[in-house]
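My structure is below; once you've seen it, I'll send some questions.
Chain IDs A, B, C and D follow the sequence of writing; residue 1 opens each chain.
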Amino acid sequence: MSSLSQDSPTAILLISCPDQPGIVSTVSGFLFENSGNIVDVDQHVDTEEGIFFMRLEWEVEGFSIERDQIKESLRPLAEQFRMDWTLHFSDVYPRAALWVTRDNHCLYDLLSRHESGELKMEIPLILSNREQLRSVSERFGIPFHYFPITKETKAEQEAAEIALMKKENIDLVVLARYMQILSSTLVDTFPNQIINIHHSFLPAFPGAKPYHSAHRRGVKIIGATSHFVTEDLDEGPIIAQGVTQVSHRDSVSDFIRKGKDLEQTVLSRAVWLHTRRRTLVYNNRTVVFG
Amino acid sequence: MSSLSQDSPTAILLISCPDQPGIVSTVSGFLFENSGNIVDVDQHVDTEEGIFFMRLEWEVEGFSIERDQIKESLRPLAEQFRMDWTLHFSDVYPRAALWVTRDNHCLYDLLSRHESGELKMEIPLILSNREQLRSVSERFGIPFHYFPITKETKAEQEAAEIALMKKENIDLVVLARYMQILSSTLVDTFPNQIINIHHSFLPAFPGAKPYHSAHRRGVKIIGATSHFVTEDLDEGPIIAQGVTQVSHRDSVSDFIRKGKDLEQTVLSRAVWLHTRRRTLVYNNRTVVFG
Amino acid sequence: MSSLSQDSPTAILLISCPDQPGIVSTVSGFLFENSGNIVDVDQHVDTEEGIFFMRLEWEVEGFSIERDQIKESLRPLAEQFRMDWTLHFSDVYPRAALWVTRDNHCLYDLLSRHESGELKMEIPLILSNREQLRSVSERFGIPFHYFPITKETKAEQEAAEIALMKKENIDLVVLARYMQILSSTLVDTFPNQIINIHHSFLPAFPGAKPYHSAHRRGVKIIGATSHFVTEDLDEGPIIAQGVTQVSHRDSVSDFIRKGKDLEQTVLSRAVWLHTRRRTLVYNNRTVVFG
Amino acid sequence: MSSLSQDSPTAILLISCPDQPGIVSTVSGFLFENSGNIVDVDQHVDTEEGIFFMRLEWEVEGFSIERDQIKESLRPLAEQFRMDWTLHFSDVYPRAALWVTRDNHCLYDLLSRHESGELKMEIPLILSNREQLRSVSERFGIPFHYFPITKETKAEQEAAEIALMKKENIDLVVLARYMQILSSTLVDTFPNQIINIHHSFLPAFPGAKPYHSAHRRGVKIIGATSHFVTEDLDEGPIIAQGVTQVSHRDSVSDFIRKGKDLEQTVLSRAVWLHTRRRTLVYNNRTVVFG
């Protein structure tokens, strides 16, 4: 991660823990006592599973605990309630690698939103198993890394990809229509840090050629799904979904064209939510503090 | 079928046939020569399968062929182009049996739209495998037929149900949240005449308890699907679908509540389309002349 | 109000007050100290206006303060933070009067949801300025009050209507396609207690015949809006909105038919939100704790 | 216009005329007799206004009339039915000028779709009243024309703009978030050839700062509208609209962010429809042959 200053920086605390009385009052009391000016707070209880979730965002300025002491100061609270927790700062941006293959629409959408400041992340590199989108990378002055993959070279190339990600301190991999299945080694290296866009309304039409399958099935609505990648293909926690209407007039290529609108919008929304630290994963589902 | 007069009656011709040049000009020429005042015309070509579809609606009044001669007069055209075709009149209403179990929302929605004149069909009877909705039937003065079904009595009861449908000249069975699987005998007796509402966005979550499955999967959108019933459960041609957003805040019972809105709206839309002769089935898909 | 027992009863506290540090920790601390088992909590800050909003729901059972003492016990807190606040109990249902004119769809939808237990309210009466829907009232065994209104009798009839509402302890008036403009006297008598459904996507097409106007304007999407009624016609705080697609193929009567789906769904959703004490009004807007 | 070959070229005929019997059979008969292989046909009758609309698309190859004779050969038909009509060829692309100001999202979306071949048009130039997006133009190698405008220079600059459009044979002006009001001279020069995106659900919130107005009004859904530009600001024929949900949690800047998704998607859809010759304008409305 690296530091980029913008606006007044905030601290963001993401919590999940077993539900019990007193969490909200204790945590909010801690912030109040230390003069924390809360900008945003949201919580959720999964009553069935008995899990408590919370997202707290407060201004670093004026908080009575020094920025580099906050993490330490939260530890007793976290232990008291057996919290899984992460602390973020709004001016420390995720470092994202965009993985692409051939289709340009998601890539352009991400780059355009990045350029306008909507997506607060750094993009040190674009990676691809094909050459087609090199020119797009060059247009934006972002290094393009070409990793052609065959059945024989896959393991070796993935190892090189992981090494590159590590070297560049990547903590977010965005599969922007990357048309290769990731090995479990790669997936395990970035738990809940790989975001994919699948071009169907999951769990309908997993796998390859979902628009063809949807057309054959005669659906009247198509969709796109953005999710964290887990070992089970297209089975990871869903972050965002979108849909649009189709009719018998629409051919497969119309499905593909209309679906592109969904793919880019849904993927960018998921990346936005993640980079703003608004997603929490549990039991293969997400809490999205929208 | 029975005759109920309303508005100026129209004839409706539904055609599907192998695509070839000259169909549109021949059919529209036939109507023109016989002074047919076309009210609505729509066609579609499935270029992949090479099938032509058409829906023509014209006023009976002023047409130079007598109403009871129209069918005969179309026969040469139909043979020339090897058409599958049906002819309907807007003042001859389908006779619909509403099959229900316990949930009242789809039933009320259908009855309310029937009462307001939106759904142009007759409803000679309501059928159920439970007693709960008898009172609703009585409120609307529609005979309620109770067919309790156990594993042992299923074949026998279905035979009785078919006999009742035949006796009442039923040509549309609406499964308005009817919670029994139909035997293939029953399904085969009413080809493309049984409309079901399934409480998921098919093909996602077929079978029982789709809202529970959707909740477990953590989807961000839920749906409902109305389709013609075929032997394969939840696999029939889709007529209409609807969706709505959900979030991690929604429990299974919230899914069920929000889903009800979709179920009743989507089912009623499908029934409306069918009763207005706007649906055509082919290759397990529908053409919907919306 | 009257008491109807169902499920485990909860207390619901709705708060709005000037934003300042410590509200959340103080309020949640108060509940924690008194063994309140929180079922649901949600809050919002309008940072621009500096207003804090909160909805707290906790179980009456196990709370260390007696049910009839809760209100009193909250007073010091409320004064400390200068709160506007209301306290409700989930087993004390609003008493709703449904006002209708001619269209049956919203009425049936409300009655059907009431019957299924989705809408937790009492419906002691239906009121209308026309006779058409008397039969629906009778079907459901709900007293029907007929108040024909002419320009001359309007003031007098409204006075009688208000008297009837008072006599029946009505605290929610649902205008379910009631086609009369309410006088300001009537509106002022029930502040934020009258919910209307307007058949357009407000603020587009206020006033009469919105579907005709929408058709003339050539819009591609139509909508419906449910809002609290204020003195300015169609200008009150919006609770819920819904939309659906239309095309050049749709006539005004198609707009009306498709719009009905929206009207009933959107109105019922707004009534559900209100009866579950999930709405707060401020500055002619709503906070909806969905 | 210029010729770019791709796929098998088609001829596209757009017709509007007073409705009368025999149009469909005459026109389709004409194509049939000349061995026209129809690829797509759609028609519509505005029964209220008595106007007939048709879009016919057929393959140039195999048609018995030479490509450069088609227009002449249609003239008798057109006169017989008093048609307004235009003839297009799918391999003759519109020449589009993209007019922008500061926001990059619509521009990138159009350029990305153009690059992928989805938008079949030429883009000889980008025009702006600001300098900010020059770098985007340069990235794509498209000439950037800077026309700063003040109250004093407006007339003069617009004259220069029109001259440039003429010189470049522009027949489509896309206002991709161009923040200047066009004079009626400019508008009249390009009748039904200027497509704008307005960032609200028209006719709600015309004019400046619609997201601020929408936020103040407390709407629960926001929208975007693409329309042909006429002399009355934001009053032109609507081509496409899109909407998305918002809540009390969304600030004005959230409205703006969510609205951008709509703006780029809706504008690109409208441009797609127009470049595919799928739009017809009449009475300030559009027929969109989707």
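Going forward, a contact is a pair of C-beta atoms (placed from the backbone, for glycine too) under 8 Å apart; a residue touches a chain by one contact, two chains touch by 3 or more.
Note that this is a predicted model, so its numbers are computed, not measured.
Asker: Greatest Cα-centroid separation from chain D: which chain?
Answerer: In terms of C-alpha centroids, the chain at the greatest distance from chain D is C.
Asker: On C-alpha atoms alone, could you tell me the rotation angle mapping chain A onto chain D? Nearest 5 degrees is fine.
Answerer: When the C-alpha atoms are superposed, chain A turns by 180 degrees onto chain D.
Asker: Approximately how many whole Å separate the CA-defined centres of chain B and chain C?
Answerer: 35
Asker: Measuring from the mean C-alpha position of chain A to the mean C-alpha position of chain B, what distance in angstrom results?
Answerer: 42
Asker: Spell out, as numbers or ranges, the residues of chain A touching 2 or more other chains.
Answerer: 47, 249, 290
Asker: For chain A, which residues are in contact with chain B within the complex?
Answerer: 44, 46-48, 201-205, 217-221, 223, 237-243, 247-249, 251, 284-288, 290
Asker: In the complex, go through chain B and note every residue touching chain C.
Answerer: 103-105, 108-109, 111-113, 115-116, 118, 139-140, 249, 257, 260-261, 265, 268-269, 272, 290
Asker: Would you mind writing out the residues of chain C in touch with chain A in their complex?
Answerer: Going through chain C, the ones touching chain A are 21-22, 24-25, 28-29, 31-32, 35-41, 43, 45, 47, 245.
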